[in-house]
Every structure is written in structure tokens, then in C-alpha cells.
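In the two complexes below, chain A is the common chain; its partner is chain B in one and chain C in the other.
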Partner chain A sequence: MVRLPYTTALTTLFSYGLLFAFGQLRDFFRKFVDWFKAKNVKGYAPICLGLEDFYVRRLYLRIQDCFGRPIASAPDSWFDVVERISNDNNKTLQRTSHTTRCLNLGSYNYLGFAAADEYCTPRAIESLKKYSASTCSVRVDGGTTKLHAELEELVARFVGKPAAILFGMGYVTNSAIIPCLIGKGGLIISDSLNHNSIVNGARGSGATVRVFQHNSPAHLEEVLREQIAGGQPRTHRPWKKIIVIVEGIYSMEGELCKLPEIIAVCKKYKAYTYLDEAHSIGAVGQSGRGVCELLGVDPADVDIMMGTFTKSFGSCGGYIAASKDIIQHLKHTCPAHLYATSMSPPAVQQVISAIKVILGEDGSNRGAQKLAHIRENSNFFRSELKKMGFEVLGDNDSPVMPIMLYNPAKIPAFSRECLRQKVAVVTVAFPATPLLLARARICISASHTREDLVTALDVISRVGDLVGIKYFPAEPPKIAEVGHNKLE
Partner chain B sequence: MDMALPVVNATSAVLARVSAAFNAPLARAVVFGVHIDGHLVVEGLLIAVIVFQLTRKSYKPPKKPLTEKEIDELCDDWKPEPLCPPIKEGARIDTPMLESAAGPHTIVDGKEVVNFASANYLGLIGNEKIIDSCVGSLEKYGVGSCGPRGFYGTIDVHLDCEAKIAKFLGTPDSILYSYGISTIFSVIPAFCKKGDIIVADEGVHWAVQNGLHLSRSTVVYFKHNDMASLASTLEKLTRGNKRAEKIRRYIVVESIYQNSGQIAPLDEIVRLKEKYRFRVILEESHSFGVLGKSGRGLAEHYGVPIEKIDIITAGMGNALATDGGFCTGSVRVVDHQRLSSSGYVFSASLPPYLASAAISAVNYLEENPSILSNLRSNIALLHKELSDTPGLEISSHALSPIVFLKLKKSAGSPTADLDLLETIAERVLKEDSVFIVTSKKSNLDRCKLPIGIRLFVSAGHTESDISTLSKSLKRVSASVLSDYF
Partner chain C sequence: MYPGVWTTYILILFFSWLLVLSVFGCTPGTAWTVVNLFHFAITYHFFHWKKGTPFADDQGMYNGLTWWEQMDNGKQLTRNRKFLIVVPVVLYLIALHTTDYQQPMLFLNTLAVSVLVVAKLPNMHKVRIFGINAEN
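Coming up: the complex of A and B.
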């Protein structure tokens, strides 16, 4: 968990207060200027009233160039970032034709399948020529091809469950599945830092939603006991069913979920478990099978496992793996299966090839190499950052590492300075994180070489000194090294 | 009486002694020069008693929280329902498997069939130019984009695609989404919040219903494609309602309804919208690239200037033969979505090869407007040939590329209807190698429109395909529905 030192909290609050005051002052003057020009069409209420988009107008627009940077090549370990210029003080940005080659520390490319791959891309092109870019039809009508059936079987085998079902987008998977499994009269208990798609799915289902403290099995047990004993609100009838939703790796914290303890608690109280492995499938575990393998949990103990293909497999779409009965039920009722265009065939082929590479079924050991690379890279990078004195979150073995920035002024400073030194990082602020806890998030890939990582560490260390984010004391350099230098 | 006397005597004796005690000189103490009479002591005692009572907590039956043992028992006793209900007997679960591209002719389960089940309206599946641009994209960018739009997932083809679509439609700007149905259910909650009023058609499809539910606004439905019902609903909502002027109001309609094939009369809707001051959200998934002289959609078809429609959304998985969706409107509308639309901000961006497929498809449509006239003549031919099918009638609009056939006389219940229609579809596939589908409903869908057989007409179909279909359909429906004339 993040420990916020007092002085940092005070300075951060002061910065936000100053920005807020200036924003209000400018709004005040804007009201005068607008009074003379009638902007709104008469009779229609404005799309955004007063304070609803205050954050966007007055705070976000100042640092708009740190977000949404376009790229002009594949999101591999080195890529071309397009430069943008602004003629009106960052309110709008225009593309130029100039690009900079930068080191990519921001894309979700955990196993390095993002660019054209020697095994995957020829097969994807073949399937494109055979099945064309889209089936123009929903899965139940004319949208199921042999590729879809093959991938569903392969995913089920990879994850360790009896059956699986595919969807064309990871976000829609969560939003459309949860209403099929639970409705009014049921209870959803979800982790406090769950992703927006899970929150939307839970709201869309009509069930009651309760939140438990992030990654705390003790608090989960407390909430379960209280809810089962109390029953539905006001009528106190017993709940129809209870589903507990957790994620494998939390993308803003880089932490692994405490899966064995949570499963034990859920089994004791007969609640169903739903595991969202968007970031962890393919990236952690001895053979890439996700947090279940890493933490030693039997996949049969988790009722429903969900994952996406965007991060580790370099494609798009999502899947759900569960027992045969549940998958049959979903195939009959899930709206995303019955109403949405089926997944594009080349994307399906890309996932099939990627999984075959990971399992070693393509005849080489590239998969095992990639998995070993990403583990080594993540652990090396994290330990070096910690030695330099940065405040880094997350557990060992997790390829996501957030570096705390806190102060709103440090966000654009860090981002722009790193870009000037040819390293592209991702900075995250409110509302994706709590207001005071802004951070820079690094995603390590298997395609980063050791030299890339050393370059990145160099740049980050220099920029960190300039910006002042080394909140912990750095480890002193080893005495042996000093002696070695002296000898030379 | 005997008992009373001694009691009375005792009481009076006590009273006499008490009053003597109070009036005794001892009671007349002098404290700080103030005389204290006996009655003052009584009053003092009474005040002490009152204060004592006030400081006691008021009487409530004591709340006994459940003990740990009781909670344990309740938890042991509780039995949850199974996660999914058991599968109904006889439910049809096998979907036909395609073994080649879903063009006008395709291979299903090993046999070559005529395909009327793919929404490939312009016949762009298998188009050489589009496939070439996709191959170029795949080799340059790989398959996925590996990130959301805000974090290095914006590739230059996305920006080119957005500019191309905006130029094609004549609007200032547009925004790309990575999946067709997620477009509308992210756009509606981005603009409509709690307290707003939405008037929607009752035949909208599930994605729109989900968006309306997530927006938490007040939703009022009007009768399917009935302008009189719309007018009266708008009148009822705004008459005498002073507060209505300060809240945002929207009308949500689809251009071609997926559930019935009807076309929304846009000129009438725009007239009503301007009269009652509502904003229009138009869902154009099935009419983009189909209606209008050059395929620009419903606005061109009715001759309505595009600026009058506030928000247009469409999925690109139909006429453009690619995947994803877009939303277009004024600059304010599009910019607002870049930070507050959940399907845009929290999801990975569209794979770049699909964006380049969209650009090539729009280019092809601009250069070859003749495919639109092919499509229109195919639809007209199909209507003519199927007008005398025994037991089935065409209930969709004459210009809609989704031709909707429903039963002339219902078999009694929706499940029996679905059974009959599925039997027809299966026999047509098995005996005559024509692939058609029925409209399927999820149990989460609240639309109550009747189900039927949906035929998706494409510009790539030939006249012989259409005559094969009509002959087969007439024959099979004559035999299956012989009891129901």
C-alpha cells in the first residue's frame, strides 16, 4: 500500500488548491466574456453544466500533450511517436509529420507479440485472405467460423477449464456477462479498485453491489458474514446468490491478488468467484497460465475465469472460461453473443498462433524464452528502481510497476522530460487514480533487451533527480565497486 | 372499614410528624444569611429527582446484535441458487460453422450455400483493394494496438479514419470506438446523466437499452415508429413543466430498426425536435453506406442537413465489412467523449488493420456509387418475388436491406413461433443450400416486437441467387405452415 508522507501530502494539496483557485478565477472572467456572445443555442440546456467539466477545462487541458500521443509504427519495444504542436496554448493539438524514435515503456506488450511476428503474422495474413477482415454477422447467425471453434477449445485447454466462449472486446465481455449470471435479488461483492468494465457490468445487472477493502481477505470475510446474516436490504430475505469479483493483477497498483486466501473464504461461505485476468494471463506463471499457476490455485476452484487477448497476445477481444453448463447458458442468453458482430478472423488466428508459441506447440522454445525474459526483466527493473530511491508499487514477478509522483506539477514535468530524452512513459492522474496519488506507470515487455532497460533506468534516474521524486533514500553504491574503480 | 381507620390514623400521624419536622426550628437553617424554609428542601429534592431522571437514557428495547454463533449458523444454513439455470430440453444449440469468407456464396458444414445471413450490404467482403490495405497494415503494425487511446494506443490510421469519416459525412469531427455495440452504450451514458429525460422508441435493440439503463435518466418509451405517439409523449413531457427547460432532453431512435426492418421518418422527427427543443441521438448501424444517393445515411435520404442531428453513432460491422464503430457530431460533442465515454477511455483501441479496412471501404464507396443501385434493385426484386409466400408476410420497409418476414398467423406462443421458423430455416439450408436465419432474442432483452426470419440482402447477390431463395422459401413454408393458413 502507498504511504504518503505528510510534507508531500501538504504540498500536493497546496498545488491542487492553487490550480483550483486559478481555474475558478478564469471561469469568472469567462462568464463576462461569454455574456456578450450568446454561445448556447436558445432553449437547449448545455451538454455540460458549470462544474461538471471543470477538471477537464482547467486542469486536464494544461497537460493535454502528455496523454493520447499518436504513434506511427507498431507498438513494439522501440516505436515512432508523432510530434504535435499547439497554436492556442494547449487547447487543441495538431499533428505534424515529424516523428521521434522512442523506447516504449507504456504499451501492454508483455510477451512481445505487438509487432509483426515471424510465426503469427504470416498465418494472420493467410486467414485474412481466406475469411476476410470481418464476418459481418453475429456469432449465432453466420459468424462462427472454424477458427472461432478452434480458439475456444484452445483457450479452455490453456486456462485449465472445461469450456470457453469468445467475445470481440474485453470491455464488453465484463459488461454483458455479469447481467446474465446474476440479477435482482443477488449480491455482488467486488474489490474497491476493480476496473470500470466490472463496475458497469455490476450496475447493469440490477443486483446489489458491496465493496470490500482492496485485497483484504479479512474484510471480505467480514462483509460476507454481515451480508449473509442480514439478507437483502429491508426485506431481509436470503440472497439468491453471491458473486465475489477480483482481478489477477490490478493495473494501477501492479499488485497480485491474494487469491488462495480469497478462494478459501469464498468456499467457506458458498459464494461464487469471478476472476478477471486481463493483465495476468500469459504474463505471469511458469508457463504463462496466469495467477492461478503463479499462486498455486487449482483452476477448478475458481468458478468463472475471464481474460482479454489485448495485452499478452497482441490481438483484441476477450474470453470467459467456466464449466460446460455455464458456457452453454451464456451461449443462449448473453447479449454480446447474440447481438454483437463476431470477432474478426485474423485477430482470432493471431491468438491461436500466440498461444501455440507460448505452449511450445509451434516447434520452437520461443514461448519459454519469452516467459523467462519477462520475469527477469520485471524483477531486474523493479529492484534497480527501488535501489535508486523511487517509490515503486507492486509485487515481484508483476510486469506492471507504478512510480509515485504525487504532485500535479511533476506529472507533465516527468512525462515531457522523458520524451525529450527519447523514453516514452505513461502518467496517470485523477480520475483513474485517487486525487493525491498521481503516478507514472511502466509496463515491461519480453522484447525489451538488457541494454534497453539500462538506458531506461539511466534516463529515469536523471529525470527523477531533476523532478525530485526519489522519496526514499538511495542505496549507497557497493564498496567493492568503489574499490574496483580506485584500482583502475 | 375496620382496616381503613388505622390506615387513616397512621397516615395522618406520619403527615403530622413530617410537617412538625419541617416546621421545627432545626429546619430553619440560615445559610449565607438566607432563610431556608422547609418547603425549599422539598423543592430542592424534587429538582434533584427531575435532574436524575433526565440524565437517564430513554427506554429503548435493548438492541441485541447477532452473536458470532448465530451468524455462523445462518451462514451454514444459507443455500445459494446454482450459478446458471439448467438447460431447457430440446433447446437448439448448434450454430452452423462457416469454412470460408462470409460473402454472397459461402461454405457451411462442407457444402456451398447461398448466404443471406451476413449483413454484407455492399458486398465488400473479399474485395481485393480492402484486403491489400489490410495486409499492408498487418505487416506494418501487427494485429493489436496494445493500449487504450490515451496511452500510446492512438495510431495514425485511427486519426486518418476519423478524419475520413467526418469528411465523408460532412461533420466537423468523429471518434472511433473499438467495437460495434459498445459505441451506443458508451455514448448514451456520456451525455445523459441522472435527472435527464430520454424519449426512446420501444423497438430499439439491446445495446441501446443497456445504454439507457446505465445512464440512470428517466426513460419514456413511445410506440414503435409511430410519430403520433412520439408527438403526444413529447407534448405530455414538456407541457407546463417549467423545469424541463433546464434539464437535458434527448430522443433516441434507430435509422433502420434491427428488430423489425422499419425506417424512422427523420424529417418528421427533426420537425418535432425543433418544436419541443430536444436533442436527437440517431443510431445508424444498418443505414450507413446503404441509404441516400451516395450512401451517406438517413439524413441524405430525407434531405435533412446533417447539422440538425446532434449525435450520430454507427457500427462499422455491416456495410463497411470491418469492425468497430464511430460517433460523429459537432466538435463539442466529439471532444466531450474523449474523456467521459467509458468504452473509449477504458478499453484498448481498434486494431489498426480494421481502421485501414474502414478507410479503404469508404474510398471504394465514394469511387463506385453503382453498388448502391445494385443493392437497391436486389431489395426490390426480393420484395417482388417474396410477396406471395404462403404463410409469411414481409413486414419491413421497402427500402430496408434487412427484409423481415413474419408469420401471417401466429402459432400461439413465441416459443411455438420460433420453432416453426427454425424448422423452415433448417429445411431451407438442408434441402436447397440457402443459408437464412431467424431473429434470436436474449432473455435480457425487453423489446416485445414479434420475431421472424431476417434476410440480409447484399449488393453482391445475383438475380439467380434471389430466385433460388424465393423458390426454396415458398416450397418449404408451404409444407411446414400447411396447418396454419
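Coming up: the complex of A and C.
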């Protein structure tokens, strides 16, 4: 179900049709121009047919200067974006030596740990000197340092589970763990807007995969009832196990998961739950413990909790927290643990220090301040954007806010104009989002000050007027209270 | 799945008729015939000649299927397919009515509509006559 105003749908479809028609025309003429340059690779199949990469060649490459911009500093609230130029109409881009200092609204820097921090950075540098940049080994061989063991215990304590296991990459955490938990004869029910890593892991596991409508506990119940009654395909034997996979905050929608209702449904039908808290751990909740704390769900009710260290902790890697038995099983079967290099020790130390700051164990209350900041910043920014008439998705308290653009031409217009005014935003189009629902995604950080946010709002409002994305009526400015009283 | 696709299709046909009328300055009937023939060429090429998908993510799974065969995951006689069979027939009727059933236009329009409707029938799913267009 795709929800957008009708006239916007018509104009967006027309834009895509026009882009498609021009792309086809160009391909048609390119065939004649390249007729004489026929390459002689007889006998070999083409690496890719001309029509397969049509979308990349004729749509994506035209605006590729809006994606993949290199940066030349740490992704703090202000950072340096490298300028690029193109001599062949965006087919290739060359870096120049100029950089622009821009306001960073795109990095996942929820608590501000992405730049140098007074507690974390000295400790990370010390661990770099002591343990060096890489363990040069697999976890089971020689790659488990004291830091790894300490972080696993700390993560388990932070999240509220008995044990935890670490991995070097967040994407790999999902795609390598799910095949270890479930196989052929099992059933995975995943939310329709789940991240690509979960989709990849589910496909790689060999289990049957069913999808339920985004954030709809009623539809989840319907799917569960239908599948449990039907059993495995063809044989109709009962399923070996059923895992329901949901995310804490959906990164393209900014919405919180309806966790209490979904857990209730899963308990009723005895299905396991897997919660991916990549964007919510450390960013929401009274003490930063994620969606469970925010929505009042006991962590013991969720069977497997997954998260990443990239977003709120300023590091890289991921973790799984679950019961001691599950973690023990994973340590013996997961290929990401048995064959992949372990996390880099300075990165581990960064997470340890970041969690200590959040918990207040570093002896200050900076953690609580950061959490309060990000909550205030997100709510302020979202309400101001809505007042200006933008269509903003997502719930209150969520630091991710997508602004709907819809039309494919508005994507480069918004992105380039904002960059010209020194605000760096991330725009997302097909295939990460449905075709008609292109958006600009803003990630708020605790390190943004009120002035930064006001500057950003100003720029976005002006660019929004130029590009024409204020789809809702703006709220009129309030009349002064004094005037009101005087009339009475 | 997306709102407004059918409406956009009909609006494109109507506006291209207006465009042909203004560029060539011919009778409305000839303009409808021109629109019908261009519609035939374009929809035949894109629905029944080109195969595969414009994105490489699916690793060539659909490289043997034309776009008509891929529509709605191969399910026959869905609402979309019925609508797309009706559009060439309606265009045919409009073109014939406005040209008063005169000869060269009658033959060309009938040829266009018969090829298009036959290609869209459920019995022609994955059929390649004489092996034309059968290679990937």
C-alpha cells in the first residue's frame, strides 16, 4: 500500500516516463554510434546485457554527484565535504582538492561519539598503542583480547540479557547469524520494510520466508495463523521453528516498531522473536537502552536482540544478545565468529568507553545529557519541519526523519541546492525505497546545537520553497498572546 | 500497486493525439490513426519484444520473459492485464469511427489491434512463434 496524493502520483509517474523515454532514445542512438567499435571477444558471454543496467546508466548516473560524496574529516556535526567535478556530464567524477565545511545532517551520529570525545578518544588511542590496529586473527584462534571479553559482558549488561557475542560488521551480524538459527523446515516471518541484511540472511538460511504488512500486529497474527495451520509447503508437517524478525526503528521511515503488541502475538503462538536495534540502541529510551526501554517491554520477552555499534557508539561492528545457550551455540556454529577476523581493538575500546559514558560509569552525567539533547533536538526539528508544511515521516522521539520528495527531479535539486548552502543531506531513491516514494533522510545528533538546527531549518525551508516540497499547508504564525487578552 | 498509472497512460494517449493534431495539422481521424500506429509500435516493442528487467539486482532471472509475461508475476487475466487489452481495442474503435471506416486507415488499424490483442492473450504466455525473439 503506497500512500501519496493523487496529482503527485500522476506527475511522478510522468517524470519517470519521460526519463525512461529519453534513456531509451539515447540507448537507441548509442547503438549506431558504437556499431563500428564492435569488440572482438568471440565466444565469451557478455558480462551484462545492455538492458540490465539501464536504470544505473540512464537514471542513476545522471545524478550520481548526489550520492557517495567523499568527506575529508570526522563526521561530527560540521564536516568537510570534498568537491567533485565532472567533465563528461556526470558519467565520471573527479575529486578536487577543495573541501567545503558543511552542516552534517546525514551521518548516523546519534550521541555525538563520531568525533573526538574527551573520555573515549584518549582510551581508544591507548588501546591502539597497546593492542595495535588489528588482532590479525580469528576470534577462535588468537583474536579474542581482554577487550573483547569485557565488551561482550558490558553489552549483555547494558541490553539486559545474560550473554552477548560480537562481530566485526553490522551487515554481517544479520546475514551470517540468521542461517545459524534456522534452516530448511523453519519459517521466518519478517516485516515488509526490513533491512537488506535481514532479507539476505533470511534468503541464505534456506527457511521459508513470509512477509507481514509493515508494523501491523493484526496482519502478523493472520500470517501466523495461516502458516501454523498449513504447515510446511507440500508436506504440511508442522514447522520446525518460527522466528519473527522486526526492527526497533525503521531507517527509511523513522517509525518505531509496535513492539508490545507484536511480542504479545508471538507469545500467543509460541514464535521466537528477533529484534534488530541497529538505529535504536543508545539513541532512544530513558537511559539509552533502546526500544524495549522506551516502550516498556521486558528484554527477557525478546528472544534475540541484535544491534550495531556504528550508529550511537561511533565505532563499527555488531552484536547479538540472547540467553547463554543461544550465544554458546552461535560461538560454535557462526562462520562470522569462526572464520572472520575479530573486531579491531581500538574500535572495541571505543564502544566500551561510549557505553560507560552512556551509563554514567565514567563519573560524569554526560551520557544523560547526550540522551536528553538528542530527544530534545529530534522533537524540536520534527515539529518545526511539520509546522513549515513538509511531509515528515516517523514518530516522536525518533532521531531519523525522512522528508518526502516523491518526484525524481526533486532529488538532485534538493541535494545540490542544500550543498550549495552548506548543508549536507542524504537523499534516497529507488531501489532503497519504493519507486514513487523518494525522500531526503535527516539524522539528528546530540552534538547539533540549537543554532545548528535553526540554520538547517532556515536552509531547508528556503530550498523547500524553491523545489516545491511543502505538500501540506504551513501553520500560520501565532498571534501575540498580549493582543488576544487586550480584546477581552 | 501505484496509484494513477492507468490515468497517466490514458492522459499520455490523449495529449499525444493533441500533439499530432497541432504538429501535422491533419484531420482528427488521421491523427487518431497515427496515435494508434505509434502506440502499436511502442507497446509492441516494450511489452512483447524487450526481455529482462532494467535493474541488474535479480541476476538475470527474468531474462527470457518479455515485460508482458513478467507483469503481476505471470498471473493471467489480472485487472492490469484486462485494462491493457481493452486500451488498444478502444483506440481502434475511436480511430475507425473518426476516419469513417475508409480504406488505408482501416487496414492498418485492424492489423495493429489484431497483433496487439493476440500477443496479450493468456494462451500466448511464453509462446515464441517460429522461434522469433527466443534467445536471451
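Going forward, the second predicted complex is superposed on the first by the 475 of 488 C-alpha atoms of A that agree within 3 Å, B and C clash if a C-alpha of one lies under 4 Å from a C-alpha of the other, contacts with A are read in each partner's own complex, and residues count from 1 in each chain.
In this section, contacts are C-beta pairs under 8 Å (C-beta built on N, C-alpha and C of every residue); 3 or more make two chains touch, one makes a residue touch a chain.
None of these values were measured; they are calculated from a predicted model.
**Q** Is A:178 touching the first partner chain B, the second partner chain C, both, or neither of them?
**A** neither
**Q** Is it chain B or chain C that touches the larger share of residues in chain A?
**A** B
**Q** Thinking of the overlay built on chain A, is A:51 touched by chain B (first), by chain C (second), by both, or by neither?
**A** Only chain C is touched by A:51; chain B is not.
**Q** For A:358, select first, second, both or neither according to whether it touches chain B, chain C, the two together, or no partner.
**A** A:358 sits against neither chain B nor chain C.
**Q** Applying the document's definition of touch, where does A:165 land relative to chain B and chain C: first, second, both, or neither?
**A** So A:165 meets neither chain B nor chain C here.
**Q** What is the contact status of A:256 with respect to chain B (first) and chain C (second): first, second, both, or neither?
**A** neither
**Q** Identify the partner contact of A:436: answer first if only chain B is touched, second if only chain C is, both if each is, neither if none is.
**A** After superposing on A, A:436 lies in contact with chain C but is clear of chain B.
**Q** Once the two structures are superposed, pull the chain A residues common to the chain B and chain C interfaces.
**A** 48, 53, 56
**Q** Could you please specify the touching residues of chain B with respect to chain A in the complex?
**A** 66, 70-71, 74-75, 78-81, 83-87, 91, 93, 95-103, 106, 108, 115, 117-120, 125-126, 130-131, 134-135, 138-147, 149-156, 158-159, 178-182, 185, 191, 205-207, 210, 213-214, 245-249, 258, 277, 279, 315, 317-318, 321-323, 332-333, 336, 338-339, 342-343, 345-348, 350-351, 353-354, 357, 435, 437, 440-445, 456
**Q** Show which residues of chain A lie in contact with chain C when the two form their complex.
**A** The contact residues of chain A facing chain C are 2, 4, 6, 9-10, 13-14, 17, 48-49, 51-56, 431, 434-436.
**Q** Give the list of chain C residues in touch with chain A in this complex.
**A** Touch list, chain C to chain A: 1-5, 7-8, 11-12, 50-57, 60, 63, 136.
**Q** Taking the touch rule as given, give the residues of chain A at its contact with chain B in the complex, in rising order.
**A** Touching chain B from chain A are residues 43-45, 47-48, 53, 56, 60, 67-76, 79, 81-82, 95, 104, 106-109, 113-117, 120-121, 124-125, 128-137, 139-146, 149, 168-172, 175-176, 179-181, 195-197, 200, 203-204, 224-225, 228-229, 238-243, 269-272, 303-304, 308-311, 313-316, 325-326, 328-336, 338-341, 344, 346-347, 350, 424, 426.
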